[in-house]
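Chain naming follows the written order as A, B, C, D, E and F, and within any one chain the residues start at number 1.
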Amino acid sequence: MDTNLVIEGAKFMLLGMGTVFLFLILLIVLMNAMSVIIHKFFPEPQTDLSASTVNSQKNHKTIVAAITAAITHHRQA
Amino acid sequence: MKLFIIKFLAVFMFFGISSVYAAEPSANSMHQEETYKAQPLGEMMQGFLDSTGVSALLNPSPDELNAHGHTMSDFHKTWGRVIMIIITFLLFYLAIAKGFEPLLLLPIGFGGLLANIPLAGIAGDDGFLGIIYHMGLANQLFPILIFMGVGAMTDFGPLLSNPKTALLGGAAQFGIFGTLVGAVALSQYTTIFDFTLKQASAISIIGGADGPTSIFIATNLAPELLGAIAVASYSYMAMVPIIQPPIMKALTTDAERKIKMTTLRHVSRLEKLIFPIMVLVLAILVLPDATPLIGAFMFGNFLKESGVVDRLSDTMQNALINIVTIFLGLAVGSKLAADQFLVADTLAILALGIVAFSVGTAAGVIMAKIMNLFPGHKINPLIGSAGVSAVPMAARVSNKVGMEYDRSNMLLMHAMGPNVAGVIGSAVAAGVLISLFK
Amino acid sequence: MKLFIIKFLAVFMFFGISSVYAAEPSANSMHQEETYKAQPLGEMMQGFLDSTGVSALLNPSPDELNAHGHTMSDFHKTWGRVIMIIITFLLFYLAIAKGFEPLLLLPIGFGGLLANIPLAGIAGDDGFLGIIYHMGLANQLFPILIFMGVGAMTDFGPLLSNPKTALLGGAAQFGIFGTLVGAVALSQYTTIFDFTLKQASAISIIGGADGPTSIFIATNLAPELLGAIAVASYSYMAMVPIIQPPIMKALTTDAERKIKMTTLRHVSRLEKLIFPIMVLVLAILVLPDATPLIGAFMFGNFLKESGVVDRLSDTMQNALINIVTIFLGLAVGSKLAADQFLVADTLAILALGIVAFSVGTAAGVIMAKIMNLFPGHKINPLIGSAGVSAVPMAARVSNKVGMEYDRSNMLLMHAMGPNVAGVIGSAVAAGVLISLFK
Amino acid sequence: MKLFIIKFLAVFMFFGISSVYAAEPSANSMHQEETYKAQPLGEMMQGFLDSTGVSALLNPSPDELNAHGHTMSDFHKTWGRVIMIIITFLLFYLAIAKGFEPLLLLPIGFGGLLANIPLAGIAGDDGFLGIIYHMGLANQLFPILIFMGVGAMTDFGPLLSNPKTALLGGAAQFGIFGTLVGAVALSQYTTIFDFTLKQASAISIIGGADGPTSIFIATNLAPELLGAIAVASYSYMAMVPIIQPPIMKALTTDAERKIKMTTLRHVSRLEKLIFPIMVLVLAILVLPDATPLIGAFMFGNFLKESGVVDRLSDTMQNALINIVTIFLGLAVGSKLAADQFLVADTLAILALGIVAFSVGTAAGVIMAKIMNLFPGHKINPLIGSAGVSAVPMAARVSNKVGMEYDRSNMLLMHAMGPNVAGVIGSAVAAGVLISLFK
Amino acid sequence: MDTNLVIEGAKFMLLGMGTVFLFLILLIVLMNAMSVIIHKFFPEPQTDLSASTVNSQKNHKTIVAAITAAITHHRQA
Amino acid sequence: MDTNLVIEGAKFMLLGMGTVFLFLILLIVLMNAMSVIIHKFFPEPQTDLSASTVNSQKNHKTIVAAITAAITHHRQA
């Protein structure tokens, strides 16, 4: 009545690799579907990009302004 | 200054007066039973000498027990400990001089050093390593928290922009299951190994190349092997740049190694936001037993991608994961006590671990070659090896080997897809194992 | 590289030799009792299919138990879980797209998602949500730690510069006690609700508009309602800009809304330093049962105002509160399991919660109008609504509504006084409830 | 906005419909046994008045128990509490106005304040101070974690560049053992003190001038004295600039105070890296019972000096040590309850503590003078006082006193050697005491 | 012998609102008293303000100095 | 049969101070030995120092470059 471990291991492999691939294949299908749906119905607004650019430019300008102020201040001092 | 001292003395007086009011005998002021027994100075000195580490290592007491209250062999009390301490020094050397995953190998090594100190019982239930172990490793909380932090650090963009590379991360899990079959076969038909199915499963998960997953499964299925499995797992992850390239080169042709892959498409923020939820829902439907790991990982990732809780996401990626890493490392190290680590099993675990790693690497590369038999954009098989995970080192190795053959061929981002898919794949594999032993 | 591999193999050999020394049989190397039982592949596949989430949701096992070991109805095992998962998605949507208190609703929502996964038992005693729940929510430690952090973030300056506005924060507590009476009345005389006095009290505290206080009291008086109370509390706090303005406008005249308040006087550092101690001493003298909450809050505030332990105060406001927020959110979310949340009570809690919020808002505004009947500087009744707390959003709403009628009327700092008084008021109200049920 | 409200109501409806489906009676919706008992309003008011702090302090209930479930004297329930609360105010004053170790004295003081609140039971097993105490102080985890952080902050460079100054850190431990003999002598032959050997040992360790070591040993040998020992230890560490200079000046000649020491040699990174491991190995061989303390300290130091895990080292020195400091302080404070602190023992502990400090200081200075009797580079005896540890304040005091006599004599770095050696010395002394009572 | 919950609830309200207002009124009295006492006996030193201004000026100057040094260094390099 | 605590205390002192000094003397010996060994066999490479200098110079230059870029940008804007 001893269990044949090798056969059990093989079953594990079958189930395990099967599940892993099943999972990932479903995931691929879902990823592709999501991509299609999102690009069709929820396209990323182009403004987003420019908004962030504006934002970073703004930050940049703030830094530049700060440095300039510092230098001006220093020259006056 | 004097004024100050006077003030302070006034406080003292105040204490004094207060204490006088407290005239009734309190439980504290009663003389406690003295647990200390007086001895002649000579005996005391002798007792003290017996309590030195030198003495404990040379003349171990026959009734000294290990951290679990079991008896230990004399070897494990003496040279075993010395050997283990030297091994922890080797871990330090590898971590510091060779850059082997120092974030985990240093705490693990130091924990191992502390666990092998005679008489101090630092890894015992009342020692601080034991307390930390029970606080978060015995109940598997620490690897879950690490997974949250890693999730918050992970970018699924490359996978989303080329979904089919997820298959490479799936194939690499063959390292786990192939090794599992091999380990039980050798246990059944030879006397080299003698592992149960549970132990073999816990060992094989090293092939998943994911530290937290390995620790989670080992704690679950074979806690007695935790130390060796964790050390093997992190050591081999650190050795990815040494282990993988020969295998990658052996299995690919020169033409294959020079395949250029198409530029990755832009992935929208919404896709990245939905992805973690999608994976988790899929895991719920297909394999609930994988959801603790996948759920924790995707929780971290979802918080990051939400963009509205940056302070939580930052804490997860920094303070929280660092604190837990320290604790996890020390707790794992507490399992490097000589009587648990210096057993034949450890050698077997190290051998099986490297087999698992190599098989996984090979399976990833071969899967890429198989996929290239089908029509569509060709995949450079060198990114297949990244499917074992070991994020992000395996992806960097793919990139490096690729550039050896064509300096203009940047494979890094392409390899990140299978790399993170390998994490998901290993978590699924772990879920299957948990499910089968329930 | 080769040299390196040789070195590494040498380490291996070393392990090997060590292991050979360890020749005696150890507890680890003995073959463990195999808990695994072999099955034919067909049965195994069937067993595996039964362990998928799809199967568990469609054909729930009759002996599946909930996180507390009780039986569940079939509805709660199947559609109930699906509905709960969809509800957590709604929480995600509200948190991310609408900005509803994401710091808490995202972790709570994700905890709820994980708690409704069949078979995985993540919210059970051995699951990580259950472990986190028992670590800090069952013993009420987490809300206390959050309160410390919030205390360290709070500035009592505006209240100190205009003390009488504290009365507005007192009046707003009528939201709690008015709702309490209503809830027990409807429980007694109708069949709409069926709450005990304890449950009604725990629900009514939602009107205090303080997350940690709500969670503290719910854990204390009615842990079975914790999930719904926490979700209602944070949702309504997030909806303050929607709930309050109509009430504020309905209860005030145009002239009242345009009242300009006198500039706040400067508050010295010493006043701010003494204030937390003063409040705590008052709580000790009047209502010791409120001191856990007030003590924790004032501890955080005192550390901040002391100015000498900035590193502790910073950690409280960042790493510590963030870590605890993640844990608290997940632990609260673990109470969103279908069998606990999808009960008629939840609807009642949501309904009573919004009543409590609205009554509190109205009471604050009316109190301001009453105070204006007395001589002295007039108070703009729009700052009365800030007395419910929901710091600092309610104060911002006061400011915003005020500026709708007079763009030059800055009410923000004036509203911060009743706002923080509302926190103290709710903590006192909580103390009264704890005291009455002792 | 309206659209939004409609959406939200839709969610509500959804809850409603879901709840209707949940038609079967669930455990939650069943009416729970009502634990509340109705009373006439008069009685209720009376009961409420009895539950005020004023009433509890003036008319204490005869069956009120302390945090450990023992009875308390009326004094400890009434004036004792008031006195203790005033004492915590003194601690606040010293910490904030005088800069006395605020990082620990503020949390300890606040914990003491909370522990003396009548009826609230905050220091009891279910109160949050009690929970924090059991979480990490009862098991001695907190002082160990603090030691890790302190280790990560410590630089052994000055000691390595002038090893023989370690002897000064050894001599200063005479403060511990000299006081121990004195305390047991006075306990044996007079009625002033009445300490057991264990208690006397726990008290004497105050002379080690190391907070975590004191707390570790007190928790181990005499937890009933923990509050007083911790307060004394940190207070005297803060008073180092007041206590030490007179002793230092009394024991040295003018010429000695002006001794200039040779410049410190450069210490290589490798030396600093090996040092912590060397100390730990020495402790393993000589005194394993000191390894929990020394191991934790050297773990932190080793991580820092390794240079490869900066993120762990930074977290140890910041988020982790700060969080633990808050918890440790509160937990120690919970031992300042009147019935434990306002006993004659406390006054004795304060007296013995300052003796221990002074003896240690003197021993360090005298040791330097003895060492100067031998040939070799002369040591300025002013750095001997730094051997008590109290890092880094004692070293600063050495420097300051030195500069009083020669403004060009910078002793700071020279004093850092004995300063850190004093930490090691105290840990060794602590290990000896633990070993002797095992 | 059934408890009338509504009456109990009303008692709770009475006690609860009473305590809340008692507490806050006492607090108002104490705050006003504290303000009077502190302004009379412990007036905030005016120097404090200027000290912090000096401090921030000092910080400012440090930054300016650092930037200037950086620029000088760059010009020389 | 009463224990003489003073004698016990004296024994503690003897053992305690003995161990502390034994430990520290051994430590001094080891520190000196380590120093000799390391300076003889593992001398600290001089390049290390210059490397770190180079590194910090590099950092410095990066900062200078950033500031210059900011200023240029500002002048152009």
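By definition in this document, a residue touches a chain if its C-beta (ideal position, glycine included) is under 8 Å from a C-beta of that chain, and two chains touch if they have at least 3 such contacts.
Being a predicted model, the structure only gives us computed values, none of them experimental.
Novice: What's the call on chain B versus chain D, same or different interface residues, using the half cut on shared numbers?
Specialist: Homomeric contact, different residues on each side for the most part.
Novice: Compared with chain F, which chain's mean CA position is the farthest off?
Specialist: The most distant chain relative to chain F turns out to be C.
Novice: More contacting C-beta pairs: D-F or B-F?
Specialist: Here the pair linked by more C-beta pairs in contact is D-F.
Novice: If we define chain centres by averaging CA atoms, which chain lands farthest from chain E? Would you check?
Specialist: B
Novice: Need the CA-centroid distance for the pair chain A / chain B, whole Å please.
Specialist: 25
Novice: Can you check how far apart chain C and chain F are, centre to centre, with Cα atoms defining each centre and the answer in Å?
Specialist: It comes to 45 Å between the two C-alpha centres.
Novice: Indicate the whole-number Å distance between the mean C-alpha point of chain C and the mean C-alpha point of chain D.
Specialist: The answer is 33 Å.
Novice: So which stretches of chain D touch two or more other chains?
Specialist: Where chain D meets two or more other chains at a single residue, that happens at 34, 36, 44, 48, 197, 283, 286-287, 319, 436.
Novice: Can you tell me which residues of chain F touch two or more of the remaining chains?
Specialist: In chain F, residues 4, 8, 15, 19, 67 touch at least two other chains, as defined above.
Novice: Considering the complex alone, what residue numbers of chain D touch chain E?
Specialist: On the chain D side, the touching residues are 34, 36-38, 41, 44-45, 48.
Novice: Name, in rising order, each residue of chain F that touches chain B in their complex.
Specialist: For this pair, the touching residues of chain F are 3-4, 7-8, 11, 14-15, 19.
Novice: For the complex, give me every residue of chain B touching chain D.
Specialist: On the chain B side, the touching residues are 1, 4-5, 8, 11-12, 14-16, 18-22, 24, 26-29, 31-32, 34-36, 44, 48, 51-54, 56-57, 85, 89, 92, 95-96, 99, 102-103, 106-107, 110, 113-114, 117-120, 122, 126-128, 131-132, 318-319, 322-323, 325-326, 330.
Novice: Quick one: in the complex, what on chain D touches chain B?
Specialist: Contacts found on chain D: 70, 73, 75-76, 79-80, 83, 87, 90, 98, 139-141, 144, 148, 194, 196-199, 224-225, 239, 242, 273, 277, 280-281, 283-289, 291-292, 295-296, 299, 302-303, 306-309, 311-312, 314-316, 319-320, 339-340, 342-347, 350, 435-438.
Novice: Write out the stretch or stretches of chain A touching chain B in their complex.
Specialist: 4-6, 8-10, 12-13, 15-17, 19-28, 30-32, 34-35, 38-39, 42-44, 48
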